[in-house]
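For reference, chains read A, B and C in written order, and residue numbers begin at 1 within each chain.
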Amino acid sequence: MKLHDVAKILDADVVGDGAIEIARVVHPSEATSPSDLALAMNKEMLAALEGSVSRIAVLGDDTALPEGRLDGYVLVTRGRYAMAGLTKAFDKPVHAPSGIHPSAVVEETANLGNDVCIGPFTYVGHAAVIGAGTVLMSNVTVGAEAVLGDQCLIHAGARIGERVRIGDRAILHHNASLGADGFSFVTPTQSSAEQAKESPSTDTVDVRNTTIVRINSIGTVEIGDDVEIGACTSIDRGTISATRIGSGTKIDDLVMIGHNVVVGENCMICGQVGVAGSTVIGDRVVLAGQAGIADHITIGSDVVVGAGSGVGANIKSGMVVLGYPALPKSKTTEIVLNMMRLNRLFEEQSSLKKRLTAIESGNEKG
Amino acid sequence: MKLHDVAKILDADVVGDGAIEIARVVHPSEATSPSDLALAMNKEMLAALEGSVSRIAVLGDDTALPEGRLDGYVLVTRGRYAMAGLTKAFDKPVHAPSGIHPSAVVEETANLGNDVCIGPFTYVGHAAVIGAGTVLMSNVTVGAEAVLGDQCLIHAGARIGERVRIGDRAILHHNASLGADGFSFVTPTQSSAEQAKESPSTDTVDVRNTTIVRINSIGTVEIGDDVEIGACTSIDRGTISATRIGSGTKIDDLVMIGHNVVVGENCMICGQVGVAGSTVIGDRVVLAGQAGIADHITIGSDVVVGAGSGVGANIKSGMVVLGYPALPKSKTTEIVLNMMRLNRLFEEQSSLKKRLTAIESGNEKG
Amino acid sequence: MKLHDVAKILDADVVGDGAIEIARVVHPSEATSPSDLALAMNKEMLAALEGSVSRIAVLGDDTALPEGRLDGYVLVTRGRYAMAGLTKAFDKPVHAPSGIHPSAVVEETANLGNDVCIGPFTYVGHAAVIGAGTVLMSNVTVGAEAVLGDQCLIHAGARIGERVRIGDRAILHHNASLGADGFSFVTPTQSSAEQAKESPSTDTVDVRNTTIVRINSIGTVEIGDDVEIGACTSIDRGTISATRIGSGTKIDDLVMIGHNVVVGENCMICGQVGVAGSTVIGDRVVLAGQAGIADHITIGSDVVVGAGSGVGANIKSGMVVLGYPALPKSKTTEIVLNMMRLNRLFEEQSSLKKRLTAIESGNEKG
């Protein structure tokens, strides 16, 4: 690939020699040859270009570029978006198994589409359906009656539970779990947690959860098209309906999605987020890392929840919330600033009190 | 199954025609036939009944039910508890492997009870003991000398470490880990974390953890009867004793239980909770989602810890705590309310100050 | 092993009879024979010694030991450090597979060092390199072109992605994931999260993430020597460079390390910590349980981050920070104390206001 090919992919212009052949795509600091294409679309990368041996680059801004530093470069307007095009062009696709590995076990009743590839030690259960072109890497489990769409990529160790349904082009990463049973238990009478919730002002409970009865999860999990699910993420099956993830939604590693949850389309759910049972999340919602969402609430579309937030109540569409408990972002910012100057408040109050006492005693004497 | 059979299971009464045959058990919005039994035991479900084609239901409250809406229904007093009976009656049990799959590897020295079922690619190590009726699904690992009780259900990808002991009727979900080594390291002299803990008022450390020495985990994990452990949950082995989980305790997905921890009976530990090493937790304790419990502390029985809380000190039995740091629930509620009106406090103080200054300057002039 | 052998290992002195043969090493409460060596190096263990049948022990302090209670004991100065020596001496090493299990699949192009042991159902991909003496337990995946050093121990279910590189003596626990793709997506124009970050004072967003484009992860993961990685922990691959973990660093269970992150040497990263993409962490840093570190920031060396903290900004070397948001430890301590006495502040302000009003009205009348 030549520099002008990259420009074409990125719909951008070449400055200098577009005919230079590209060896590799690298961080500027990792170039080992003048023909390594240095990615320098942000400040940090641009700074690293200085000491680099690379003579070709992709830049987001060339105003500070010394004359003659590069033999050619591509100038892009939105560097981060260019990264998508670049990594696609220079992608290193997985070493997919060719066909069905002899060690794989596929039940006779399973139904495989054309060009399905199945790696070593992968098990496809009774009556499971695998769509055309889908790749199951090694050590994967597809439970009985599960249905996978076309062109999915299921990485090693992923577990797809029985009756789970997945759309087309889904990507599941290492050891992800779909369709474990929901965490759903009940006590014959009011439980301690129910009592605590009911009495917000008391700090003790007196009921005892001596009997815990299991609610079985007879529902399933349904995943739309173009969904990506991170390593060790766990999405539990619904009680009687399905837990649902809308098309286009991306979920990071170690995320937990509880039973009966419904997540809309094109959401971004970052690492270690937890969504408790029966909560409904709209479309295009962003949940930043480690955010926790309570059960049985509703998050509107386009909501942005900041990292580490604890959301305990419904949120209207388009809101940006932050904090524990999560509040509108400006309110949490105000609270944090106020907390930091509380010492001054205490000191000032003490001073006001003294001044007041002085006046009062003056008045008395007067 | 007929409607009056369901009533019998739930120990409740039928209103209307109890002889109607039930097709499926569904959320009201998902009924496709009049003979789908609509579960409408809470408000949300009851509202969904309005547009449903179902003519039979389970209700928690029939006071708002339009005359003639249903042909028959079962009226229950505690809807959530009824769910347990219903999902049990209509359960969809796993497609257990029949017998020992030819691809499974079971060491000759292992000891299998009657009717043990072992799925594809499951490995049972040296001298492991598997109780009668226990089902190991596919891709499971049972380490050497591990002991499992009767009637356990071990889902795909679960890892049971060497010498781990599990009681009867335990359920382990996808990719759960029992008996990984504890996270236990020590520096030859005081470590930075130890120094930081020792000096609460200083904000810097000057010791350097240049040497980190491993403490091996020669203990194990012991799990009681009727314990359920969620997907990707990790329970580490003890240093010299066992990490212990009491009978009847239920643990959700992505939970971490550190080395040497002792959890009592009938606890409910929700998703993404973390319990650090050597902490002791009583019976019937509820830890809500994402709560974190520090190491070497004691949580009494019947304690309820709110979602996202950070518990850094012992908690007495029966307490309800919340917040980061965790405090009695009413105290955290008070703090949150106070934080929200801090702006007013600052403004008012500023106003009081002005008024005070005015008086003072009046007095001076006077 | 005799008591004086233990003393030698611990570089400590025997008091009493050093020739006593040791049966087992136990917590004092779990001794079943006088020749079980009771570990009683801290207060809790020492208290448990009282009711123990053991007649030999390791003590950190013998000042309260009743005359004649033990037949012999070893007296150590730093009990926790002694634990490392003791558990090493009495270690129970894993039942490693002997050689390559017949069920394992190793691609012909893979390159195995001397004495490599590979367990059942473990897959070693195309051109992977496994160093001498390394043990892969059962159900492990080593992706194509991955490189493992010597003497590594890879526990069941661990997934090592393609092209990942691991140094010598690394330990990976159950179901750990190295080299899943980074969570890296971009919208063609500004995203809602970008808008929210840009406008700190507005609580709503109006851009809609209707198109989400994937940035492929063509980088990898590089792990140094003597690194330990916990169960279900996930370390994602870099975008174009590698995600890097320095030698000697120890990572606990259920930790997430995002793409492009660089972690230095000898760090201690505790359970459920999350480090978001592109963040750089120095050497000897301690991140306590459930801490969250934002993306694209820099944490200096020797920093200690308290449990549950949310770090959103750079931290200078040697700092001890705590809280959400993370602040210097004394500041967070101050804030927590102030928050707890806010009620008094409100009450006092109200009282000051009344007194002020009284003075003002007195002045007016006067």
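Criterion: a residue touches a chain if its C-beta (ideal position, glycine included) is under 8 Å from a C-beta of that chain, and two chains touch if they have at least 3 such contacts.
Bear in mind that the values here come from a model prediction, so they are computed numbers and not experimental data.
**Student:** Rounded to the nearest 5 degrees, what is the angle of the rotation relating the C-alpha atoms of chain A to those of chain C?
**Tutor:** That rotation is 120 degrees, given to the nearest 5.
**Student:** Interface check for copies chain A and chain B. Shared numbers divided by all numbers used: above half gives same, below half gives different; which is it?
**Tutor:** Here the answer is different, because the shared fraction of interface numbers falls below one half.
**Student:** Find the geometric centre of each of chain A and chain B from their Cα atoms only, then give the gap between the two centres in Å, rounded to an integer.
**Tutor:** Inter-chain centre distance comes to 22 Å.
**Student:** Tell me, which residues of chain C touch at least two other chains?
**Tutor:** Residues 103, 121, 139, 157, 175, 232, 254, 272, 290, 324, 331, 339, 342, 345, 349, 352, 356, 359.
**Student:** Once bound in the complex, which stretches of chain A touch chain B?
**Tutor:** My answer: residues 103, 105, 121, 123, 125-126, 139, 141, 143-145, 157, 159, 161-163, 175, 177, 179-181, 183-189, 191-193, 196, 200-206, 208-210, 212-218, 232-234, 236, 239-241, 254, 256, 258, 272, 274, 276, 290, 292, 294, 310, 312, 324-325, 327, 331, 334-335, 338-339, 342, 345, 348-349, 352, 355-356, 359, 362.
**Student:** Going by the contact rule set out above, which residues of chain A touch chain C in the complex?
**Tutor:** 25-27, 30, 39, 78, 80-81, 83-84, 87-88, 90-92, 94-95, 101, 103, 119-121, 137-139, 155-157, 171, 173-175, 228, 230-232, 248, 250, 252-254, 266, 268, 270-272, 284, 286, 288-290, 302, 304, 307-308, 318-321, 324, 328-331, 333, 336, 339-340, 342-343, 345-346, 349, 352-353, 356, 359-360, 363
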